[in-house]
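For clarity, chains are labelled A, B and C in written order, and residue numbers in each chain start from 1.
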Amino acid sequence: MKKILLSTALLSATAGMAAAEVTFGGYGRFGLEYVEGRAEETQVAMRLRFNINAKTETDSGVTFGGRIRLQYTDGNNASTISPAYVYASYEGFRVEVGNSNTAYDSAALMYNSEMGYLDTSAGDPIGSYYGFASTSYGGETDRMGIFASYSVGDLNVRLSYVAEDQAEAGNNDAELSFSADYKFGAITVSGAYAKDGLAIDDNDLIFLGAEYAINDMGNVGLLYFKEEVGAVDRDKFTLYGNYTFDAITARAYVAFGEDFGTEETAFGLGADYDLGGARLSGSIQSDFDGDMFGDVGVRFDF
Amino acid sequence: MKKILLSTALLSATAGMAAAEVTFGGYGRFGLEYVEGRAEETQVAMRLRFNINAKTETDSGVTFGGRIRLQYTDGNNASTISPAYVYASYEGFRVEVGNSNTAYDSAALMYNSEMGYLDTSAGDPIGSYYGFASTSYGGETDRMGIFASYSVGDLNVRLSYVAEDQAEAGNNDAELSFSADYKFGAITVSGAYAKDGLAIDDNDLIFLGAEYAINDMGNVGLLYFKEEVGAVDRDKFTLYGNYTFDAITARAYVAFGEDFGTEETAFGLGADYDLGGARLSGSIQSDFDGDMFGDVGVRFDF
Amino acid sequence: MKKILLSTALLSATAGMAAAEVTFGGYGRFGLEYVEGRAEETQVAMRLRFNINAKTETDSGVTFGGRIRLQYTDGNNASTISPAYVYASYEGFRVEVGNSNTAYDSAALMYNSEMGYLDTSAGDPIGSYYGFASTSYGGETDRMGIFASYSVGDLNVRLSYVAEDQAEAGNNDAELSFSADYKFGAITVSGAYAKDGLAIDDNDLIFLGAEYAINDMGNVGLLYFKEEVGAVDRDKFTLYGNYTFDAITARAYVAFGEDFGTEETAFGLGADYDLGGARLSGSIQSDFDGDMFGDVGVRFDF
C-alpha cells in the first residue's frame, strides 16, 4: 500500500500537463569520520535530507514555487524542518523571498575543492555569511532574505539582501552580496563579494576563482578568499584538481594562508568510486593546525 | 533525480485503482505588508504551506484519512508541523477526530470580506473560538476535537466539540459549536453558534450571513457577528462586495461596530489580478482604531 | 490542484525505470480508550503516522535508502519528526545506520498477542531495550545505531549495536542484540537476546517464541520473556491465539508472571472486524495489577 512518486523522466513521458506539482529530492550518506583531537576521534556519521519543493506555472509562463528542507544529521535529537523560501521565475530570471539562497554562498566553484562522502575541505570559503538555512534561523526569527538571479547563456549573476531582523525598529543590519560567473570554452571564472557578511558591521568578504578543464576527465582550479572584519584581515588560496579514470575520480587540494592556525598550509587527498547511482568516497586531509581529518563512506542522491 | 507527484487528472486518466494515496496541496505567498503603528511598519511577508493528506477507501465505500499541516510563515525560527486529525467519510457524512475543524470556524461566508494576498479583513469574525490548529496546540497538549458534517444538495450542517484537556480529571471545559448553510439560486445564507468558545465559560458567539450573486461576475454580502462573554456584549456588521471584469476582481467592505476601538467604522478596498494560476493582490484597509493596513503581493496554489 | 502519489502497482505497470523514488506509507487510527485508574479513565485516542522513505538503486543492484517518521499521537502539542536511518541492501542483506531498527525489537512473534485498534497487550515484551525511535532520541543526541539483517528462504537473522553516546570520550555504553526466526511448515520459531538493553549495564533480556498455524484461519502461540538487571530477575509467559471466520478475527491471550504486579495473571479478549481496507477493532484486557483496559476504534493503513 505504499505510495511512490514518479521520476521526472516518466512524468514528461506520460504528460504535457501538470501545471502544479510537489517534488521530493535529496540525498543520504553514511560512513566513518575521523577528526583528530576531538573527544572521540572516530565516529559514525550519517545524514538524510529531503528538499520538499512545490511549484506551479501560470498561463503566461511565470513559475511560482517554494522549498522547505527536512533533514536529519547525526548528533541531533530529531529531524529538523527549515524555514521556507518562495520564488518566482521567468526564463532566466529568478527571485526568492524568505529563507532564500544568497549570492555569496551560491557563487560557482567556491566549494569545488571539497572531497570525501562528507564533502569537506580545509580550502573552503572563510568568514561569516548567510546561506539557505538548512535547519533553522538559530533564533533570528525575523530574518528576511531576498535573492535575485539572472542566467543568460553561460553567464550567471546574483544579488541578495538578508535583513537580520526586519521587525525591529531602526535595525538596518543586513548582508548585501553579489556574485557572477562565466564559462567560456574550457575555462570557468567566478567572483563574489559580501558587504557586512552575516549582518556583521564591516565584515567584508571577497572571492575569486577560476577552473580549467584539462580534458573531459580532469580539472584544475584556483580559489582566492579574503576576509576583512575588525582587526582581522586575511587571505586564503586554494589550488585543487581532480581526475577521472574509469569509475574512479581522484581529488587533491592544497590551501595556503598565514592566519588560520599553526600551519600555513592545509591539504587533502581523496577519491570517489562510482557505484552507478551512488558513490563510495574517502579522503585524508590536514587542516591549518596540522590536525588530520579522514572520512570514508557512501553518498547517494534521490 | 527529482521526484514528482502526479496530478489528480493524470492519475484518473491512467488508473481506476489506487485505493490508498498520499497527496500534497497548499499555497505560497509573498509581498509587502504595511501595518500602521508597529515598530517597523513596512515588512516583507511570506508563507509556504503544505497540507499532507492521506486516505484510503474501503470496499464498502467508506473513506478513512487524515491530515498534517507543514508550514512556514515569516517571523518563525523554523517550519511548524501541526497536530493531525483523522477522519471517516461516507457519501455526505464526515467525522474528524483530533485536531479537527470546527463547526463555527467552517461556516460559509464568514471570511468572505477578506482581501489582499494576505487574505485579511477588519470585517472578520470576532471573539475567541477553536479551528484547525495550523502550527500547534499552544501548550494544550490534551486538547481533543470531534467534528461531524453532513452535506446534501446545497445544504451543509456541522457540529463540533473540542475538549480543552480530555486527560485532566473533572475538566469539562469544552467548546460546542454548530453551523449550517444553504444555497438557493443566487442567494447563500449561513449561520453559526458557538457555546463556550475556545472552552471559555459563557463565551457565546453568533454568526449570521447572507450573500447575493448579482450576476456571474459580482457578489454582495452582509455578515453579522455577536460576542457575549463576561462584561463584553458587542456586535459587528460587515457589508462587502466584489466584482470581476476581465482579469481583475475589485473588492470592498465596510464594517460597523461600537466597541472595537476608537472608530465605529472600518473599511477596505482591494483588487486581485488573475495571473492564470496565481494572483497578484493588494488592499488598503482601515481598522476600528483608524490605523491603516496595506498589502500587495502574490499568492499561488498548488 | 492536489498532487497524488501513485501506487507501486501502477508504477510497475508503466515503467521499468525509476531508479530513485520517495514513498509515503503509514496508518491512522481513532477510537475510545479506557484505562482503569487514570485521572480520566475514558479518553479519545488517535494517531496519524507517515513513514517517509527514500531509495535509489545502483546499476549493480545495491539499494540505498533511508527513512524519517512524521507522526501525531493525541497528548502532544504538535507532530513529531523522528531521527532518520539510512540503509544499504543487496539481495537478502540489509544494513541500517543512525536511528536504526534493532535485532531485539524486530524479532518475529514478539508482539503477536497484541489486540484492539491500539495494538496493545499485557503479554508484550518486558524490560528496557532500543528500537526505531518514532519521535526523538529523548535527549540522547549522540545515540548511534547499526543494524544488520540477512534473510534466506524462511530464515531471518539480525544483529544490532546501539551506542548511547558515540561522541563522549570513554563512553562505551551500548546495547548489543541478536535475533533469529525460522518458519517450517505450520510452525514459526523465534528467539532474541539483548545484552545491556537500552545501554544499561548488565540489563540482559531473552525472548523465545513459537507459533503454530492450526489451519488457514487460526494460530496459537507461546512466548517467553526473561529480564535480568540488578536485583530484578523475572519471567513472563504469554499464551495467545486468534481465529478468523468471515470478516471477524477473534483474539485472546493469557500471560503469567510472578513479579509484575499484585496479580500473577493478565489476560485479554479482542476482535477485529474487517472493513475491506480498514479494521474495526476492540479489546478488553486485565493487566498484572488487575486493572482493566478497553479500546474500540478503527485502524486504516495507506
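Just so we're on the same page, a contact is a pair of C-beta atoms (placed from the backbone, for glycine too) under 8 Å apart; a residue touches a chain by one contact, two chains touch by 3 or more.
No experiment lies behind these values; they were computed from the predicted model shown.
Common partners of chain B and chain C, by the touch rule above, are A. In summary, the pair chain A and chain C forms a contact in which the copies contribute largely different residue numbers, shared numbers making up under half of all those used. With each centre defined as the average position of its C-alpha atoms, the distance from chain A to chain C rounds to 38 Å.
Residue positions 1, 3, 5-7, 14, 19-22, 24, 56, 80-81, 301-302 of chain B each touch two or more of the other chains.
The residues of chain A lying in touch with chain C in their complex are 1-7, 9-10, 14, 19-22, 24, 26, 28-30, 38-40, 43-44, 46-48, 50, 56, 70, 72, 74-81, 275-278, 298, 300-302.
Residue ranges on chain B touching chain C, taken from their complex, read 1, 3, 5-8, 11, 14-15, 17-25, 52-60, 62, 64-68, 80-86, 88, 97-99, 135-142, 144, 146, 166-169, 171, 301-302.
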